[in-house]
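Next, two complexes with chain A in common: one pairs it with chain B, the other with chain C.
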Partner chain A sequence: MLRTETSRFRGASWSWRNAWPKVGERLMRALASPDPRPLRGFGLLMLIAAAVFPCISGSFYMRLGIESLLLGTVALSVDVLLGCAGLLSLGQAAYFGLAAYISALMYLHVTRSFWLVMLAVIGAVAVFSLALGAVAIRARGVYFALITFSAAEILSKIAHNTREIGGSDGLIGIPIPSIALAPGLDIDLHNNTAFYYVVLAALTLIYLGTRRILDTGFGSVLRAVRDNADRVSFLGYNPFWYKLFAYVMAAQIAAFGGMIYPLLRGFVAPHLLGFEVSTKAVVVSLMGGIGTLLGPLVGSIIVTFLESVIGSYTERHLFVLGGIFVVFVLFLPDGLFGLARRLAAKRAEHRS
Partner chain B sequence: MQDLLSYLHLVVLPQMVDALIVGAALALVALGLTMIFGLLDVINLAHGDLYMLGGYAAFTLIGWGAGYWGALVLVPVLVAIVGWGLEELGIRPLLPRSDRAVVTLLLTFGASLMLRDFAQVVWGTDTHAIQAPFSGVISVAQVFVPAYRLFVFGAALAAIFLTWWLIYRTRIGAVLRATAADPVMVASFGIPVRWVYGSAFMYGCGLAGLAGVLLGPIYAVFPTMGHDFLVMAFAVVIVGGMGSIVGAVVAALALAQIQGLASLWIPPVWAETLVYGVMLLVLIVRPAGLFRRFGEA
Partner chain C sequence: MSRSKPMTRWMTTALAFAFAGLAHAADPIKVGVVTPLSGSYAPIGKQVRLGAELAVKEINAAGGVNGRPFELLFEDEEANPSVAVRKAEKLLQQDKVDLLTGTVNSGATLAVGQIAERNDRILVTTVSYAPSITGAQCSPNVFRVNANAFMQSSALTSWLIKNVPGKRYFFIGPDYEMGRSTIAAFQADIKRLGGTDTGSSFPPLGAKDFTPYIGQIRAARPDVIMTATAGNDTVRLLTQLKEYGILASHPHLAGAAGAVTQENIGAMAGAAEGFLSAAGYAIDIDTPANKKFVAAFKKEFQTEPDLFGADTYGLFYLFKQAIEKAGGTDTAKLRAAMEDASWETPQGMKTMRKGDHQAIVDMVVVQVKGDGFRTVGRVPGNEAVGPDNCDRF
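Coming up: the complex of A and B.
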């Protein structure tokens, strides 16, 4: 199994030159990939539901929807690491927060151009994640979790202690730009509906891109590394580079959400880098189902809305969140998707 | 020269004494954390909240008239019972799983959120002060130390020594170390391994509770005290080596000195960041920490 998949990777190597002209075709294939997992239909359903959502909801829920999608980026990045590479990161918020701070600072002091900010965020996050990733990946198992955790904690402390970037109060009053999609076609983010669709479209693209990359031989090698790193290195692959690429990729995914966040809320604060966001991302991934990529998105939507609903009844949303966490770890370790899969399997068994 | 000497004597030395006391208390929390990891492979993220629970329980018990000394005895027992509940209901079912390091991490994180919120429901978000059982200042060679802080140091040292003695000088400790090394072999000798796990977990939680009572009168009690202290205790355990008893004590004392001395010259908040920097450095150079895990020969 391993051999055939990895040789596919080696032979028909995936290159940008082949990929570019066929982006549309690849997207279609990703949507209709002959994956045995029953995710495709569900993903399409979710996309349709998300697309009609603004028609039936007010601006409050629409903004909540955007927030859940932004949390979804962090959850997705956790899942890329944990589900495919077997690396539990307790510090993905570092990239979310780093991107949020960079974008906030740039909008405040440098430029109003969305694309320039995006370029800066991608560059900065790439440098940072390469450096930290190269260190963290050498450590195995629990130590990886601890390194990522403490790196995020250091960043959060630095943001907390630096007057120039707002200290513990963070930065407020971030101007909201409009995105120039094409000359003459500007998207004004003051408009909630437009904002929502932009984020939804971007996240859909990110999801499909991630899915596509992980469905190639690269993903197979990554999963093989997760299952048995030694054996993979005997086959001539260096697990380090595969893990590093996954780490940088995950960082970029989380950074995308972070880059948008200040535009939604108009402020950034040190807690965005902290433990709460990182672990919430892990919670929602676990809740949806690790390794499914779609599950974490479902989880983050459920948890964001649940928090808002519970929050309007009681201030004890931490308690409820912690409780959900404990219940899922103990009784549903493969999350909602795992539950659905098991139920489906049971029904199929009954039928036969 | 004279200036330098008096600077060392009057500024640096008191700071070091203070850091020594903080370090000893930190070692208590870190000891529990490292014992639990060494034995069960569990990173207990709820440990800081058990420390917080210790502080709050002391506040309540003293309010009920148990007195400080009563609280000092009762609170570690109470916190150990909470720890027992956590172990019995949450951690034990997960131990047979191959990814137990990860799932128990997630579970204890959930438990930590619940405990923190529970504390806010019961005690509110205000900071509560605990009256120290005695006041007074002891001065040796012009270095002034509040008597209570000295008592905290002594008590922490006693608890550390007791733990060391239990683990390295008694039969119970021998079983504990053997279990850490090879639980299957120990079980085949007819020793109930699950009780070993349970009691070690309780003992570790009890230590966190004790630290809560001891530090309550110094720092007062508030809902996030556990989180702040846990991150520091983590740094200690990582530097000392996860699962190392000696390492936890040495690293706690060393890191407290680093933080204490650094805050003389740089703002205290940056001193804290420096401690994490040291931790990251140790993780990079020696991922397994400075000392070996107990149970490993």
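Coming up: the complex of A and C.
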């Protein structure tokens, strides 16, 4: 209902002067799913599949699974911003990479306590995302995308040119720590199976937490801000604070993946902050289905596995992946989850 | 193999099982090659691939290593360390390769070297030249058979001091980490060898206008101008030096191996004439081994080999020698066999230094003449190699 009223309001105030940002907003709104309700059954199925995966896979695929879940956090954070707040960020890798560098430097020079590192990462990312978010979300549409993109590039260049943190070569030698889950219960991350389940459990919690937060009144206001920020402010809410909260929350989600990455692969490098990681997160979110939260995670897993498998058979793997993306954009603009939802709706219609 | 169809793969596996008992001695020695096959580093990856393929073809045709053939498994690392690490893990854990090579950028070599160490396998780089790989960040499982940046600098500077009359040097490099560290190495070597450092300047990477720096160069009256610029930066720097008349007094031009290359030499309309640099290989090295290598390479691939192709080709003869000596591919024995190896390559004999796993390579000094390069001198490897800075093993 809000939606139809919104467009009438928009039609009245349309002018050439501010047409371009609105085109951007509209595009994003079209991409965002109209119905953010979860496909619960499908989610549960995915979780079961993920839980039994280590039983059938060797160490390489298990570790690839961990990496795909970690990259999935960037996709999830893109979706929180784009799907719920209508903000297209092209710089979410900034938080993934920032957390990766903080985590790497702390394990190398300060402490081996997982929880201390986590506290430092959460603190640093909160400060940085509040500062950058407060500037960036004042801009709309494509300008927001440009600011987030530039900030990530600046961080990447700083990492690239600072010899003390490894310069262009990055840092290696990051130890593989144990996580003290409870007194006397240490999880040794040398064990790939344990590592996998820790990451899977953490990601499930993050997903459910995000879902819970977005299902509250806060989420509803956020979606209203996405649809028409001006109107929301007439209702007595300040859109700024809602967007800022969503921005900080998304940053923390991506930072979680970044914090674990160096423990898996043993190194950090400037490109973790770069454009490639950011844009890939947007692309896999589109493939999975924007606004579904679960879709981007699934998209990330599929693309990470595809990249790894196709690359072994042909040098033209980028061409194949590019082709798959084009097919998605042309024929499945609402992604895999959009397709699943349409099929489910069709079946329900058929039954009634 | 890496590009064969899944069906062929299954059949090969099935056959391998069927004949496992009979054909044990002919089990291939699997070498994983993680190298950029796409993107802007693809030309380097191509030379790595061709060099490896030629060497393997020759060795296998001559009966392999103790009757076992080499088998190459290629993976595209996209010049991206996270992709490189992922692909290296696949080769190590899924394909169970015996050896790894191919990594190009230093970040990827360091990260993959660490993965090799954690999986108890050996990585040999034939391209990366960051001194840290066999220096501060050395690993017992990582070897390097190409010349590193330190060797390029010390070979070039020692040749310059001996063969160029003037002693006044000026340095100019792009303002980023790599440019500054290359210039710092040049400066340290020139000072050590008794040259005079008349100044240095660091224009931004991609600078269009070098006018502000040219006044400084003119005032310094250098006999030699050394640069660490690359690509189009070199083109603009050298053509502007020429336009401003700096080159009229004939200072010698010298610099990093990547400053003047076959790609940008044509764009400089002679401004790069006489430019000197040092490298671990030049195609016109006048030895029977190199002539045979160049001819075989051209015949097989209809293209010329470069530094990367030659170093990768040579590596497989080190593998062959070390596996024969170690009696197999056990990592500890292989490491021991490689640590004191001397082996024949297109460049001549290479010797592995046990202390830091850096191969000692004779260096060549090449000079731009017209649209090509010619070799003007050689610097023995033990003069260029410098101190062993590795203290991890």
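Just so it is clear, the second predicted complex is superposed on the first by the 308 of 352 C-alpha atoms of A that agree within 3 Å, B and C clash if a C-alpha of one lies under 4 Å from a C-alpha of the other, contacts with A are read in each partner's own complex, and residues count from 1 in each chain.
Everything below uses one rule, namely that a residue touches a chain if its C-beta (ideal position, glycine included) is under 8 Å from a C-beta of that chain, and two chains touch if they have at least 3 such contacts.
On a predicted model such as this, the values are computed, not experimentally measured, just so you know.
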item: Superposed partners chain B and chain C on chain A - clash or fit; value: clash
item: First, second, both or neither for A:151, with chain B first and chain C second; value: first
item: Which superposed partner A:80 touches (first chain B, second chain C, both, neither); value: neither
item: Contacts of A:69 with chain B and chain C, given as first, second, both or neither; value: neither
item: Touching partner for A:318 - first (chain B), second (chain C), both, neither; value: both
item: Touching partner for A:253 - first (chain B), second (chain C), both, neither; value: neither
item: First (chain B), second (chain C), both or neither touched by A:161; value: both
item: Touching partner for A:60 - first (chain B), second (chain C), both, neither; value: second
item: Which superposed partner A:244 touches (first chain B, second chain C, both, neither); value: neither
item: Partner chain in contact with A:301 - chain B first, chain C second, else both or neither; value: neither
item: Contacts on chain A seen with chain B and repeated with chain C across the two complexes; value: 160-161, 316, 318
item: Sites on chain B touched by chain A in the complex; value: 41, 43, 90, 93-94, 97, 101-103, 105-107, 109-114, 116-118, 121, 227, 231, 234-235, 238, 242, 267, 269-270, 272-273, 276-277, 279-280, 283-284, 287-288
item: Residues of chain C touching chain A in the complex; value: 2-3, 5-6, 37-38, 75-76, 80-83, 85-87, 89-90, 92-94, 105-107, 110-111, 113-115, 118, 130, 132, 137, 176-178, 181
item: In the complex, chain A residues that touch chain C; value: 58-61, 63-64, 67, 160-163, 167-170, 172-173, 265-267, 269, 271-272, 276, 307-308, 311-318
item: Residue numbers on chain A that touch chain B, as the complex places them; value: 82, 88, 90, 135, 138-143, 145-147, 149-151, 153-154, 157-158, 160-161, 275, 279, 282-283, 286, 316, 318-319, 321-326, 329-330, 333
